[in-house]
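Quick notes on the structure that follows.
By letter and in written order, the chains are A, B, C and D; residue numbering begins at 1 in each of them.
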Amino acid sequence: MSHNTFGHLFRVTTWGESHGPALGAVVDGCPPGIRFTQDDLQIFLDKRKPGQSRFVTQRREDDIVRVLSGVMPQEDGSMITTGTPVSLMIENTDQRSKDYGEIARRYRPGHADYTYDVKYGIRDYRGGGRSSARETAARVAAGALARQVIPGVTIRGALVQIGKHKINRANWDWAQVNENPFFAPDPEIVPVWEAYLDEIRKAGSSVGAVVEVIAEGVPAGIGAPVYGKLDQDIASNLMSINAVKGVEIGNGFGAAEITGEENADEMRIGPDGKPLFLSNHAGGILGGISTGEPIIARFAIKPTSSILTERRSIDADGHEVEVRTKGRHDPCVGIRAVPVGEAMLACTIVDHYLRDRGQTGRLK
Amino acid sequence: MSHNTFGHLFRVTTWGESHGPALGAVVDGCPPGIRFTQDDLQIFLDKRKPGQSRFVTQRREDDIVRVLSGVMPQEDGSMITTGTPVSLMIENTDQRSKDYGEIARRYRPGHADYTYDVKYGIRDYRGGGRSSARETAARVAAGALARQVIPGVTIRGALVQIGKHKINRANWDWAQVNENPFFAPDPEIVPVWEAYLDEIRKAGSSVGAVVEVIAEGVPAGIGAPVYGKLDQDIASNLMSINAVKGVEIGNGFGAAEITGEENADEMRIGPDGKPLFLSNHAGGILGGISTGEPIIARFAIKPTSSILTERRSIDADGHEVEVRTKGRHDPCVGIRAVPVGEAMLACTIVDHYLRDRGQTGRLK
Amino acid sequence: MSHNTFGHLFRVTTWGESHGPALGAVVDGCPPGIRFTQDDLQIFLDKRKPGQSRFVTQRREDDIVRVLSGVMPQEDGSMITTGTPVSLMIENTDQRSKDYGEIARRYRPGHADYTYDVKYGIRDYRGGGRSSARETAARVAAGALARQVIPGVTIRGALVQIGKHKINRANWDWAQVNENPFFAPDPEIVPVWEAYLDEIRKAGSSVGAVVEVIAEGVPAGIGAPVYGKLDQDIASNLMSINAVKGVEIGNGFGAAEITGEENADEMRIGPDGKPLFLSNHAGGILGGISTGEPIIARFAIKPTSSILTERRSIDADGHEVEVRTKGRHDPCVGIRAVPVGEAMLACTIVDHYLRDRGQTGRLK
Amino acid sequence: MSHNTFGHLFRVTTWGESHGPALGAVVDGCPPGIRFTQDDLQIFLDKRKPGQSRFVTQRREDDIVRVLSGVMPQEDGSMITTGTPVSLMIENTDQRSKDYGEIARRYRPGHADYTYDVKYGIRDYRGGGRSSARETAARVAAGALARQVIPGVTIRGALVQIGKHKINRANWDWAQVNENPFFAPDPEIVPVWEAYLDEIRKAGSSVGAVVEVIAEGVPAGIGAPVYGKLDQDIASNLMSINAVKGVEIGNGFGAAEITGEENADEMRIGPDGKPLFLSNHAGGILGGISTGEPIIARFAIKPTSSILTERRSIDADGHEVEVRTKGRHDPCVGIRAVPVGEAMLACTIVDHYLRDRGQTGRLK
């Protein structure tokens, strides 16, 4: 079934296809009284925008976001949310639908082409239609709004692995992330990835990646113990990003390998008289509820299935065919998934913050 | 926020604490006309039941499930669903609440004790209250009902890793799974795990694990492309299980390491004239929609935080304390998570099956 | 579709049939820290209990409510909510299923028998199964808990019409409501209704009624302007009560007959310096949001279709038959609907209170 | 709380204010494969469009609806739904925001001005912002799409009362409805309403009305017995329309006045061998489930609070003021509510149709 909404109190509904006139998001339940500018949103869309380096798709889209509702325009050009739905729209400008004629009836292996046709009996093959990573522009717009809601929360992301090449975590430096085309926090990995991706790109191939997103400043106590878990909704929302095949929190799959002693995050009273965690194996979440420590999540992105190499497949008429995808594609979609992951984490945290305020009245 | 319901058309709400009078699930939206017996449910509860080997908690619970509503009893003792909510209840019988007096105000490191207190200002410390793995009995009951809904679907699970000890996948034999206390599909790993867990148990320690769950016979075309993705809901529902820290589908995190050529599941027309996938890296899901291939998911479970070793922590009054957990605990909660994972996968698939039938009218 | 849940943050799921072993409600999202006693709930169940006068069904049920989860029992016998789901159960004790053998395959005109069979292909004919007014006991239990959540809110109801006999509103006296078997606020109507209902009862007939429910002390500002309107959810939840065919707020259908001048509730600043409404045609809700004035809703209940008079109908085999319903029925189900309407209003207001606190953070 | 979505499988989210750049609806869950044209939608927007007679607001809006997503354009200019969200947008073109300067800080009695300010602390006073009846254009667009989903269902509405002037039901003639500016089914009432509304209009006043909406051809068996009732969702969705204060189904409040014998819809087997209802007091719904008879609902609309007569009120600074509303308003908003009521009924029925197909698999 189609269900293009996520969130319970801060609810985001996205719509739109790769090659339709526009795409967008409706953010319902945003608290009133939040002042922001067009630039506060645009800055994140620009981060996700295609065509910014040779390592991402060469499609050219300005990705200008328009705010169509839910705000009172102010004299200084800023806007204040009124508590009603905020409609955000991004027009599609650079569509080369003719690139896709060949795959109108052919199924790209590893792509949603086949499953769409089975399910819906119809498919917007132009640019992948709804399954295009272009849909994530709407998420980034919604996430940019979410970032305005809770003061003191910082949400950042970085690429930590491309193919088998992982960063050296000892080199982690947030200041580096925007200094290279990969959102890499480790400057030493940059030349390695450059060389590797050039090779991939020239081969018309693609490769997978791992993204890490971190939220700092999240108050302790948001989430819930069993269902409605904060980590559950983070997993759900990250997994909803195109091409994601795995999600982990804190130690993640590494937690399977260690003992209770190793995994326990011990506590002391800090110099400020407040509870202090001595480690953060839990990734900031215990029993589905935030601990006050940084919330840490990672997600794995498969290589895009749009490759130039011929692969065996079938077509909608039941014939065996060979398929290769022309058009402009990301050799590593994981790169542009960094701002998307940040956006999803931001929306999830705001939603849980508002939920908690509703149920317990504890937060302001 | 509390939100103890999952599913959209096949909706499961669970309730209950470890040491209250009972726990249960309300299954709303179950199709009418499904005939089943008490045994059809009990068999799965028995699989999850504590006290069945020295490798799980020695708590003794019969875990008899009662069906309180939503069925017409038949003369042969079976029941037929009527389409109204099916209420399932399991009474708690073996409660030693006094075991927990010591941790009433002390926070076990790595446990939800601290976060509960921050969030709710109150905590049922007896057996972990709502955060106890005992809650999963209700899920298993709901999952057992879900298994009755779609004919031809088989859902099975196995333990594939304890600590650093992984099975040899070449030895995978489903027939072995119920022949050892670990739900291990590889008979050669059994003595390794036995020796290792005996050691862990004697040390009063605990260890993590990885569970794999597989659904075969799921028709192609259930799920949705962006949100409402089948893999998204699987990730959400598996992550909602206590102590789970990571979830992956098909190749999962392994997909990050390979190229588009390697990851693509090529297709041919099979001897029966139907589409045939030559591999299943996708784990049965492309673009959020089932391919008809087996659906494969794995989840990582952290070591339980209830260990006998003293750890540094604080108490509710802001004192620094040392904590160790008495009581009867699972040295590896991952073992009993196998039937729980199966149940969550079963509920998720049934929910999406009904959703698809609703939106497209395609399935019967 | 089955969807036995209402509410968004204060969510109530009910389950159970008239002649099953039990029925109940799961209240999810109840704020933590609310102290209450068994009696705080029981008092409202007793009000709805059958067999209390000759004007209601003679079925005998103790309707003792049990709290199975979501609370910490206190030494004084009271309970405190922990923020986890509160499961409430009421056992069915007086079931005379044999009364219903005759209508197992016959459709009572005006009853849900026929539509159940069309929809589900199966029907629990014993006592009407899920469609029995007995289900409302679970709502009353949930409503009793809801009443504990917001201090200062008073929710009361009264019967204002039976058949064509309406109360004289000038005689309205809340003190009278519990002094007669009808929840009548007008003592002068009591003998009229007695005589009329005796006649109806002796004829084996039934008659409709109108109930009015009022909430006082609700803070201004809860609800929302277009959807998520407070009056919309009140209408929805009152209409969900069995046999209800109409709902109105404030002036209701009377508002269709008057002009904007007559309908406007003018405002002044009161002696306390606060906004003061000079009238309350709106029933305490403007634009879907509470004004701070009493919230007033009325709902119309049709005569029960279980009557002793023979009516023409058909059976499940397609034969034309005559049907009359034996068993013990309410000559005027509207009487016992008074506490049910109160419960639904209480749950709706609490839900919106928590929603508002979530979105705006304005309320405590 | 804001919750601008209705429906469960056929979900409609609306956004937009009276004087923003645009307003719209996102329809999520629409079945794939439905072919329609721009005109199929526009015809219903034209019916609701302002400025069509002297009895409605003189605001001039073209109300051209644009389809931004969820469809594949066809060569003949039609579109086919793909199963992904259908985004519908209507631009606002005739905005005279300066008309509203005077009420920027004054509360119109009977309007949402005061409650908005209490709740949100901010209010888009221009044209009523989100509370403007202009929002209903988005509903009409969504309803027009809903009408395409189930073949054989006809949904129509009519105005049956203005002020105290009711139609003569014996004169009901659907052919008349589009022949007069009131959607009146009784030609004899037209001159009465003309004279009466001219008087109201000249006095700068307003008056209430009652609308009746009817769905024919709805298959028996959609809905659910207790919650998720078809009549419950109709009540909820009609009550969500601006200014609605009451809703009734079938006999509605009239059912309170009669006996079980009078209210029962007797059944026979018809000449075609199918079940035949001899009357339709139930308005096509028994126990929350459709009977196959026409579904009949009525709703009462209060007089608009925007009137030229001075009324006592207060302003946002706590001063007592006199308020009268300039601008272009509907003397009887009930007239333009007819297509809105039809749209809400259409959406509700389609949603339940899909839900039923999901749960029972009974419908195609």
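Here is the rule we use: contacts are C-beta pairs under 8 Å (C-beta built on N, C-alpha and C of every residue); 3 or more make two chains touch, one makes a residue touch a chain.
Only a predicted model underlies this, so the values are computations on that prediction, with no experimental measurement involved.
Fewest steps needed to get from chain B to chain D, stepping only to touching chains, is 1. Looking at A-D alongside A-C, one finds more C-beta pairs in contact between the chains of A-D.
The chain with its Cα centre farthest from the Cα centre of chain D is B. Averaged Cα coordinates give chain A a centre that lies 38 Å from the centre of chain D.
Chain A and chain B have Cα centroids lying 26 Å from one another. Averaging C-alpha coordinates per chain places the centre of chain A 45 Å away from that of chain C. Residue positions 1-5, 8-9, 14, 29, 32, 83-84, 119-121, 130, 225-226, 355, 358-360 of chain A are each in touch with at least two other chains. Of all residues in chain A, those touching chain C in their complex are 8-9, 29, 31-32, 83-84, 225-226, 354-355, 357-361, 363-364.
Note for the complex: chain C touches chain B at residues 1-5, 9, 11, 13-17, 20-24, 26, 28-30, 32-33, 66, 68-70, 72, 80-87, 89, 119-124, 129-130, 358. The touching residues of chain C, counted against chain D in their complex, run 1-6, 8-9, 14, 107-112, 114-116, 118-121, 130-131, 135, 161-164, 200, 205-210, 220-229, 231-233, 235-237, 239-240, 242, 245-269, 273, 275, 278, 281-283, 285-292, 300-307, 309, 311-314, 318-320, 334, 352, 355-356, 358-360, 362.
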